[in-house]
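Across the two complexes that follow, chain A remains constant while its partner is chain B and subsequently chain C.
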Partner chain A sequence: MNRQSGSILRNTLTLIVVVLVAWQALYWIVGDIALRSPLQTFAFAGKFMSTPQFAQHLAETSKAFGLALLLAVAIGLTIGFTLGASRFLSDVFEPMLIALYSIPKITLYPILLLAFGLGMSSKVAFGTIHGVIPIALFTITAVRNVKRVYLKTGQVMGLSPLDMIARIIFPAALPEIFAGLRIGFSLTLIGTLLGEMFASQRGLGFLLMSAIGLHNVDLIMALTLLLTVFAGTASVVLLALNQRLYARS
Partner chain B sequence: MTQIAQVSLRQVDKMFSRGGNPADTVHALGPIDLELRHGEFFAVVGPSGCGKSTLLELVAGLSTATRGEVAFEGKPIEGRIPDGVGVVFQEDASFPWLSVRDNIAFGLRRMKLPPEEKAKRIEKALAMMGLVPFAESYPSQLSGGMRQRVCIARTLVTEPRLILLDEPFGALDQQTRLLMGDEVLNLWRKTGATVFLITHALDEAAMLADRIGVMSARPGRLIDIVETGWPRDRDSRIVQEESFGAITARLWRSLREESMKSIGKAGTTI
Partner chain C sequence: MRSPLLWRLLVLAGFIGLLEALCLGGVIKPLTMQPPHKIVTDLVKMLSSGSLNGAIAKTLGNALIAFIIAMILGVTSAIIIHRLRRVRDTLEPLFATYYAIPVFAFYPLLIILLGLGDAPQIFIGAMLGIVAVIVNTLNGLDRVPNVLLKTARVNQMGPVETALRVTLPCASPYILTGAKLAVAYSLIGIIGAEFIMSSGGMGYEISFAYNNFDNATMYPLILLILVVSITINMAIARWEKALMAKRGLR
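On to the complex of A and B.
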């Protein structure tokens, strides 16, 4: 277990160093028109983070992302457990889910906008539809892969159906479900930000879009950095948790 | 013989139909008549695919007989898991997300016992299976043999009157199997429970059981029941006894033809 989390740490540090070196090199090549150097970006980001403007947009994005993630997880797990438990239902609906998954979700955005209007609800909806299908698909497989002998053991012990799900199926499937949650997390984040970029007056996605419009390279770089750091940190934490879960199974 | 048998099977048949098509029905088992006496060690041997595990599932209440009656202590089972029955499967059924102690405690979930009694039983089961030093370990840190002990301990805490073992040592190496055999004999003596063992290993059956039922190729029926006549106080050293060889020889005589049938070579000579 220790060796594994050690290797995550080493990989992460290596990645950070590689990105910083490449970034600096690119800056030397393309210059001030398109980029800022890492140092300039860090300085600007630090300054920008202490403004009330940032706090306001961050709160907006956090709220939209939090809600979207909550919905994606709740709906994804429900679909996953229902279809995973029934051979018939998953035979019918799983191909549909896979087909839906392959649709570029951005093409659905105009419809979502019409249905939910500008603002919070369409952002949340857009984030949710990005995250929900991978979570559902991973959960279906995870539930289906639970060893038959665990179920037989539960049966012999006379567990109620609810106990069977809570005490055996869920913990047995958790490592695989978690892998789906990890992917669902990053896709929901992408969806939420995309929603903010195209039709919103608030949030980090909107801020990024308006910075592009004003050619505010400092702000573009700072926002990109902050979002990358957030998504990267979350991903590393989730990966470490996931490996701990797998180490036990 | 006025006593009710612990387990009785009367004219039991089991059919499987594939895809609900009556024309595509497989007669897996039966008819079988069998009575298990209180406190005996009964083993079943048979060629692969003869329905040994199906037989165990019927007794465990994990599936229902197509015809006939399976009863535990005089009451029909009919697909409901009876109280007082514990099952240990061939595959590793220890839960990887629980520590050894919690795995064992899981066996007591359904039982309404005072917490002190539960704790006492868990400690006893840990001690009995030699798991005390590993109580806080997780199954992934243990060997296959140790994990199987965890499963046995999880069954023991319920203090079952009938223990069903479905090839519990099938996945273990030969030495571990012999030692585990000794431990099962020990448990059987200490708990006084009836043990019903399914195995494909003739020597294992001959070494452990009081009586051995030999099953035919599909549809599985009992074609012979061998009494070993071992004393209750025995261990793996009886493999040196002269009659041990005679018993395994008799088992093999009954089984040879059936085994050939099951691998599709009926009538050929080797």
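On to the complex of A and C.
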């Protein structure tokens, strides 16, 4: 296990170095009009992060993202456990979920805006619909793949349905559910940011969009960097946790 | 009797019926959403009048180009990466985090680099799709039985011939899984980019219609995109299933 996480670390570091070198090379080719060098971007991002303006937008985005994630996890797990427990229900609904998963959800955004209005609720809704389906799909498969023996043992012990979920199905299916949560996490983040980009007056997505409008290259680069670093870090951490869960089971 | 397909259709019909009832009953305001039957008639009218055919052709054409680029580059680079263990290990964290990165943040950069034409949109669409193709192709290549590779060697096939005649056909169901994702991602890339900044295409028309409360244009366009993407997806899924069944895998 330790050796494995060590190699993840080494690979990630190599990757970061390669990306930085490519970035610097691209900067030399393209020049100041569209890019900043890594060093300039880090300097600007550092300065920008200490402004109150940033804190305000960050708080707004975190709130929207947190709510969306909470909803996506709650709804996704509910759907997943309900459908996973019943062969018939999952036969009926799983293909529909897969079809929904495959559609470009970005086209639904205007509908959400009309339904929820501008502001927080439509952002949260957009983030939620991005994250909820993968969580549900992974949970369905996870619950369905729980070993029959475990379920039979539970029945023999006379567990109530709630105990059955809490003590047997959930722990057994946890690694796979967690894989769904990891994907749901990234997609919810992207959904929330996209929501902020298209129709919002606050948040990091809005900030990015207005920087695009004003052609503020410093700000575009700094925000892209911050978002990428945050999303990347979260994803690597969740991946490492997930591998540990798989290794344990 | 208890056929899942029948039930699925019933659920779908019930959902559409409910929407219809809510819209006609005035619970959902016409300004929010029009009744489903009106969306369909609007779509037929729109398609037969041809007023937006240019935009539709532009978006679907660009998505097709992005999809083809993602498939060709994705499969080729997967074959190359598959042979280079060290490169693959290094790229693994990138693949794992790639879809967590908001790619649209790079759109302004691409506009400056490639100009405000179709190129940056196609680039975004292809960029979104390519990693899904690479990951799934690698997954498929991992599962090519060693016997087949040995047979290829016995028959003295070159690397290109081996790829075309042995490994790729063998990995094709997994490549199709990647293709399904690439279809969705190229559409997402193109339409999202058109939403943010562009001068034409379905995404642009949808946001234009939204800004003008023109639901008679917006809903049919959205419906069209949904129908197109679901149809392509189901067609590929069916093909994938047939391939899998032929090998007795599912």
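Keep in mind that, in the parts below, the second predicted complex is superposed on the first by the 249 of 249 C-alpha atoms of A that agree within 3 Å, B and C clash if a C-alpha of one lies under 4 Å from a C-alpha of the other, contacts with A are read in each partner's own complex, and residues count from 1 in each chain.
The criterion applied here is as follows: a residue touches a chain if its C-beta (ideal position, glycine included) is under 8 Å from a C-beta of that chain, and two chains touch if they have at least 3 such contacts.
As the structure is a prediction and not an experimental result, all values here were calculated from the model.
Of the two partner chains placed by superposition, A:L241 touches none, neither chain B nor chain C. Within the superposed three-chain model, A:A43 lies out of touch with both chain B and chain C [touch as defined at top].
In the superposed model, A:L159 lies in contact with chain B only, and not with chain C. Of the two partner chains, chain B is the only one touched by A:V149; chain C is not.
Touch criterion met: A:S186 reaches chain C, while chain B stays clear of it. By the document's definition of touching, of the two partners only chain C reaches A:N11; chain B does not. By the touch criterion defined above, A:I75 reaches neither chain B nor chain C. The larger set of touched chain A residues comes from C, when the choice is between chain B and chain C.
Once chain A of one complex is fitted onto chain A of the other, the partner contacts of A:L58 are absent, as it touches neither chain B nor chain C.
Chain A residues in contact with chain B (one complex) as well as with chain C (other complex) do not exist. Considering their complex, residues 7-8, 11-12, 14-15, 18, 30, 33-35, 88, 91-93, 95-96, 98-99, 102-111, 113-115, 183, 185-187, 189-190, 193-194, 197-198, 208-209, 211-212, 215, 220, 223-224, 227-228, 231-232, 234-236, 239 of chain A touch chain C. Residues 60-62, 81, 85-87, 89, 91-93, 95-98, 106-107, 109-110, 138, 140 of chain B are the ones that touch chain A when the two sit in their complex. Chain A contributes residues 147, 149-150, 152-153, 155-159, 163, 167-168, 171-172, 174, 247-249 to its touches with chain B in the complex. Against chain A, in their complex, chain C makes its touches with residues 2, 4, 7-8, 11-12, 31-33, 89-94, 96-97, 99-102, 104-109, 112-113, 180-181, 183-184, 187-188, 191-192, 195-197, 203, 206-207, 209-210, 218-219, 221-222, 225-226, 229-230, 233-234, 237.
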